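Here the chain labels run A, B, C, D and E in written order, and each chain numbers its own residues starting at 1.
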Amino acid sequence: MSLLEVQNLVVEFPGRRGTVRALDHISFDIAPGEILGVVGESGAGKSLTGAAIIGLLEPPGRIAGGQILLEGQRIDTLGEEAMRHIRGRRIGAIFQDPLTSLNPLYSVGRQLIETIQAHLPVGQAEARQRAVQLLKDTGIPAAEQRLDHYPHQFSGGMRQRVVIALALAAEPKLIVADEPTTALDVSIQAQIIMLLKNICRDRGAAVMLITHDMGVIAETCDRVAVMYAGRIAEIGPVHEVINHPAHPYTAGLMAAIPDIAQDRDILYQIDGAMPRPGAIPAGCAFHPRCPRAFDRCKAERPELLRAGATRAACWLHAGVVA
Amino acid sequence: MLVFILRRLIQAVVVMTAVAFIAFLLFQYVGDPVVFLLGQDATPAQTADLRAALGLDKPFFVQFWHFLLNAAQGEFGLSLRQGAKVSRLIGERLPATVELAFVAAVLALVIGVPMGVYSALRRGTFLSQAFMMVSLLGVSLPTFLIGILLILVFSVGLGWFPSFGRGETVQVGWWSSGLLKADGWHHIVLPAVTLAVFQLTLIMRLVRAEMLEVLRTDYIKFARARGLSNRVIHFGHALKNTLVPVMTITGLQLGGLIAFAIITETVFQWPGMGLLFIQAVTFADIPVMAAYLCLIALIFVVINLVVDLLYFAVDPRLRVGQGGH
Amino acid sequence: QTIRVANQGDALSMDPHSLSESLQFSLTGNVYEPLVGRNKDLSLAPALATSWKQTSPTVWRFELRKGVQFHDGTPFTADDVLFSFARAAGEGSDMKSYVNDFKEVRKINDFTVEIETLQPFPILPDVISLVYMMSKKWCEANQAVRPVDRRKGIENAASFRANGTGPFRLRERQPNVRTSFTRNGSYWGKIESNASDIIFTPIANDATRVAALLSGEIDVMEPVPVQDIARVNAGANTRVATGPELRTIFLGMDQKRDELLYSSVKGKNPFKDKRVRQAFYQAIDIEGIKTTVMRGASSPTALMVGPGINGFLPEQNKRLPYDVDAAKKLMADAGYGAGFEVAMNCPNDRYVNDARICQAVAANLAKINVKINLQAETKGTYFPKVLRRDTSFYLLGWTPSTYDAHNALNALMACVDDKGAGQFNLGAYCNPKVDELTKKIQSETDKTKRNAMIKEAFDIHTADIGHLPLHQQALAWGISKKVSLVQLADNFMPFKWMSIK
Amino acid sequence: MKQLLFRWFDSDVGYSFRHSPVAIGSAFVAFVCVFCAAFAGWVSPHNPFDLGSLELSDARLPPSWSAGGTFKYLLGTDDQGRDILSAVIYGARISIVVGAASVVLSALVGVALGLLAGFKGGWVDSFLMRLCDVMLSFPPILVALLMAGVGRALFPNADTTVAFGVLILSISLTKWVDYARTVRGSTLVERNKEYVQAARVTGVSPLRIMRRHVLPNVTGPVMVLATIQVATAIITEATLSFLGVGVPPTSPSLGTLIRVGNDYLFSGEYWITVFPGLMLVLIVLSVNLLGDWLRDVLNPRLQ
Amino acid sequence: MAACGGGCVNHTPLVQANDLAKTFDVSPPWLNRVLERKPRQLLRAVDGVSFQIEKGKTLALVGESGCGKSTVARLLVGLYEPTRGNLVFDGQDAHAVFKTAGGNALRKRIQMIFQDPYASLNPRWTVEAIVGEPLTEHGLIVEATALKQRVGELLESVGLRAQDMAKYPHQFSGGQRQRISIARALATEPEFLVCDEPTSALDVSVQAQVLNIMKELQRKRGLTYLFISHNLAVVRHVSDQVGVMYLGRLVELADKHTLFAAPRHPYTRMLLDAIPKMHDTGRARTPVQGEVPNPLDPPAGCAFHPRCPHANDRCRAERPALLDVVGVKIACHAVEEGRLR
């Protein structure tokens, strides 16, 4: 059974010009221990998906359809209090900027201990013990002393390690990591990704890794979902998606990335820009930019269709199924 | 830390000299004390005599220099009008004002902060809207009108509270306290409420605005994501962070309370420094006015210093010298 | 029995010689006493002197009361009298003008003193009724030989403590907060009061003071704002005692400058024209001001002094009629049919409803096309300005401190010189006849002759329309119905005539 | 113009305005107040500043609906026979003018100095900020009180206009500090934004950068501050006139009217103070609410 | 400069930085220094950087955050005055010229493109005003219709439409904004463009659009670029030469092909190694340890030695100079000594 199952998730923002649909019928699942990458352009809805899963959509955003199942239990309809026990305990979260994710006025230890005690029935001393262990596990030297330091006394990479420790404090089975390395230096990014990957593997936690960086996905994930304009364009095993993209958008994206290993005079470019939510064209959202669009794309919205080892929301693959 | 305090002290001296200078400059224009000292039957010769005797005929800078010299020793001379040492007059009046401001500040904080927190947490509910409206009403009415209305209702109408004065006081050293007797508390209610209304409004709105900002920060979002309870998030994480910026403004407001006390003290015949000052203004009692303004400046400086030190206590980021990047 | 008394202001000091101001006299007058005091009708009464007579035109002899003790127990003798007059005449005293004309104060024996003056001084007993007697011994022991000397920055015990012979002792003094008195058990006379303690509190704000009376926190207060008289009278436990006050409120005009300051008229001074002054006079609806602004608590007057002042004659007190048409005509005759514009100076916290009187006057004058630029301001800035004579048209009030018309003539109506004559004659009205009469009145000892001269001087001034007298404001004391007291026209409040049920 | 209006209507601010009953209500009230005040001559039944028209015999009449009231004076008259309704309308005009003028003045000074401090930095900045500290140690009421005294001494026989000038100046004298600090803060932020650097790379002169680039981008907070300060300025003016240094009594502002009316609270002539008080509350409240709303709308973090 | 007719290859560099350095004084206030006996604190943001760029070529600077890349850029466009060293542009000492009346003429020839497409355009101006500003500022075009015409051309040259000039920046996407920035930079027809991370705030698809335009413009107009980035893949795509910076100094300066084919400096190797490889998935890398040291208190000797696997005592004590090693400039003792190849 999958650990997390998202079915036809719809997220809407009621706004001044009517309701905007920011996520439009998203479905995917994550198996226990699996790392699912989520990529896409800015504004594609990656963070929203994560926020919807941990139940932290910012008002006025709301889940307007579909369901989210965690270990078979439906969690999108839970009340605030019930959801609180899931957050942290069963789903951990990591955000982009480690500096702003930590309360500057409290020591790292206090934040760790309060998280542990919020979920686990342990005393002060044991909680502290666990906190030290967590810091050690995330590779922070001299964990014992560092526990009483304040966030500003840590460097960027160290802070993100602390954030990871906090997310793992109550041993959740799923981690939603929203661009955990974007704010970090290139050299440190690699360290953090490695850490995340290893520590989750050791603890058997599944990860939903949201990122911009195809390279990171390629290195870390088992499967990847490519998002476009609030929809999933393609989802499948990582090397399949990267090496044999089924959706023209994925293909374009891959071709647009300059390669460290080879020279190209001109990069492939997808003209135009991703539509904003609220101005998404009928049919396939990508069709105005798609070099291979045909009539059906303009009229009908494609579902995720099987295309080889992956599934893609593209009418090009309609025949395969039919 | 020590250096920091020293810096502030030096700044304080500069600020206070500037205050004294401006104050002194202004006093040249607010009236002529000699007219009051001499009564209606004095001859011009007497007037000139007294003027010379008081040093009022000297050039401005000479007068200012003398003033500074004396002020540096904490001596502001005799009140022109009352013939008493200014330091003593102020010493007598200081406790009344400080107690009034203190009670008003506590009132404003104790009511204002929870109201602000509530209206930030429950944005849009009826009660929080009502708080906002009521608070606005508080700033829409001039203080003196509020004072008179309170007297009209609670002293004359209902007879619950006295309308003037401090009531019984107890002498503790040189400090005369009204807060050690029930009668003193009885007397302080109306003036303190009057004085608190305006500050309460400000504090409430400030807390609300800051709290709303803090609630939007990443670390609050992350705290939610860690599954902490709302109570811990709101009152542990958010409130503490809210109070950091609120502290500065509140500190300034406290200084403002003492200044605003002028009106309240006038209305309630509260025997504090504000009343002393207003009386001094009407009679152009320059030494009293100058001393009062310098004292106010000093209070502001001290409050600012205390606020800054509080920052050190509250905000670990300011405690320097501990590793970091 | 405690009586709680409130006043708009406070005495600045407890030193009876430090300031010549009526509230200070009134308050210290409960502790200290003069040689010659006053009865309930302000007529002279024996106090520390039992009798006095003029032994020659320039000499007055006083017999002192025997067996009188100061509050500290020292007996009162002629030495104290000599000391007190010397103190009043000395450095730092504000009482100099009262004893200016003294040549010498002589001790005849322990209980007789003589005062010799430079010129004949008919009203000497009146004049010294405010010079209070202090104890020589006590003053010397307490470094209070001189009234407070601000020059040296030295405080003075007499400012905060008091040792007099009066019916009440000063118990506690907190300037501007509270001053309390207790009954003097060993007073030489009878005290017509049942009060054992008096607590005096200044309450500056009118509304607060009224509220305190209404809510029973105080028993006696002064003044009641005129608009609240009805309310206080309607109170279950309170009433207002009203009566005429000695102070006369009047308007003055600049009659000296050739070009009026702050006016639309250029090159001349309309106030030099009597027709203009009279037009102003007749345009003022003094009865209207009495009923609306003063709520009846004033008596319109045609004279510069009021009843209770020596020299006041009721038959002289006839105002020109209020007549706008006549006033318009006078203006037209004077060549100002179209009116003019002039600034008017007015205090707003000195006399009863002062700024409102000015407003009403301005409104009245608007009817004869005179546009008034009213500058109402606090006394702190008002007085320095008008005393510089930096004014064209102003409102002022005057109480002769000697209870004698000469004081008013000399201060308000005499031509301005540099010896103090006409010092408050801010518009510099000057009629040599009046000047001459004033000088004569000063030293005339024959009472009838003297009064005739006063009458003549007033007649001339009235005919000249030298000033525009408005009214005597009324006293209005708010009193708890439990309290009985005597209201004096000079607005003094002797506690010895005050009782409480 | 029409286009501008339309663009405003279509903008976020316009949208939020249309959907906020509070904003609409308070804008309406504020507009009515300002309108009445601006056209006081036509709106009000009498001219309370024309002393010649005052009848002492009509003094202290109650409002028309009370016994003894007449329809000639809808809201009654004061002790001078002044029609309260007209006095309130004219008084509102004076209060609004004083409030608005002092805000404009302090905003001009404050914005200019704030820009200078933020842009120049260095000792200019330090000096100006220390100056602000000094100003802050003077409570506004005190400064205004002293300034008003000074003004009177310097222009002893000033006519009404100069008196107003002094009043406005004394109120502005403390308020500019708020603008200076706000603008300095925003300027420091804006100055380091890349569009300013782009202009500098192009060689645009600092003065021009300040005026054309930085200034328009710091107007948001200034606007918010200004709306709220109009209200406080009106209250300050009222308080000053309570302390006896306000506008001349012959042309009373709302504050003066309230202060004068204060004296009649015990004698039952409530209308002399209540109606000006209501008007004051109405103006201050509506302006404050507008300011609040504006702050919420312009604050991107609260969107 | 020697006159050179069309067709001849000009080997004199257009831009020549000689020992450029910029030091910021970040000392605590005077009183603190006196009382706490702390010395003046100087932050050497750029510490002796020299390079040359030939006309029509692109030099890329890479390095971690805080290593001084932006400071170099600002030095080049005259936003900062160098503390030491100078910049020779087309034979003139640029910073000397900036101060004279002729400064504007030089500014015209050097323009800059910024990182943040949101902050680099004044939100209250129309695109027309933004792009037109350099033109009016330099007095190139004063007449309104001509200005419109020219702005339209500029917009079209970066792939936007002329009609777009009436819009405001917020009506454009990030990529489009960056194109507006480019149009503005091109308005004065500069020869040298300093691009400070022009694509790091952009999505890959948009990045491709911007990079393509930049390359195309370079080809068409013979522009010279200084291109700053921390993305080595992008650098490889756009540059001719690459300089690697670490803590304010150049540690390796080489031809692009040489550098990517055979990185010499351990830091360069580390950077290259840190990049996730897309097409051989699953390969575990050993990421380099440690983080950039505090620039206020840089390590003695070679600033990289705390993180360097090849560091020895000499590295800890002696700072290596940037030396020519077979056509590559390298500042590393290990390479110099031949310990590393």
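Throughout what follows, a contact is a pair of C-beta atoms (placed from the backbone, for glycine too) under 8 Å apart; a residue touches a chain by one contact, two chains touch by 3 or more.
In this text, all values refer to a predicted model and were calculated from it rather than measured experimentally.
Shared contact partners of chain C and chain D, listed by label: B.
Comparing chain pairs A-B and B-D by the number of C-beta pairs in contact, the larger count belongs to B-D. Our note on geometry: chain B versus chain E, Cα centroid distance of 54 Å, whole angstroms. One inter-chain figure worth recording: chain C and chain E are separated by 88 Å, centre to centre, where each centre is the mean of the chain's CA atoms.
A straight line joining the Cα centres of chain B and chain D is 24 Å long.
If you average the Cα atoms of chain D and of chain E, the two centres end up 50 Å apart. Each of residues 149, 152-153, 262, 265-266 in chain D touches at least two other chains. Each of the following residues of chain C touches two or more other chains: 207, 211, 214, 349, 378, 381. Shared interface positions of chain E, defined as residues touching 2 or more other chains, are absent.
Partner chain B is touched in their complex by these residues of chain C: 12-13, 15, 18-21, 94, 96-97, 148, 150-151, 153-156, 159-160, 174-178, 201-205, 207-209, 211-212, 214-217, 349, 378-381, 383-384, 387, 401, 411, 418-420, 423-424.
Against chain C, the residues of chain B that register as touching in their complex are 30-32, 35-44, 46, 53-54, 77-78, 80-85, 88-89, 92, 148, 151-152, 155-156, 159, 162-166, 266-269, 271, 275-276, 279, 281-284. On chain A, the positions that touch chain E within their shared complex are 41-42, 155-158, 185-191, 193-194, 212-216, 218-220, 238-239, 242-243, 252-253, 256-261, 263-271, 273-274. The touching residues of chain D, when paired with chain E in their complex, are 193-195, 197-204, 213, 216-217. Chain D meets chain B in the complex at residues 130, 133-134, 136-142, 145-147, 149-150, 152-154, 231-232, 235, 238-239, 242-243, 255, 258-259, 262, 265-266, 273, 277, 280-281, 284-285, 288-289, 292, 301-302.
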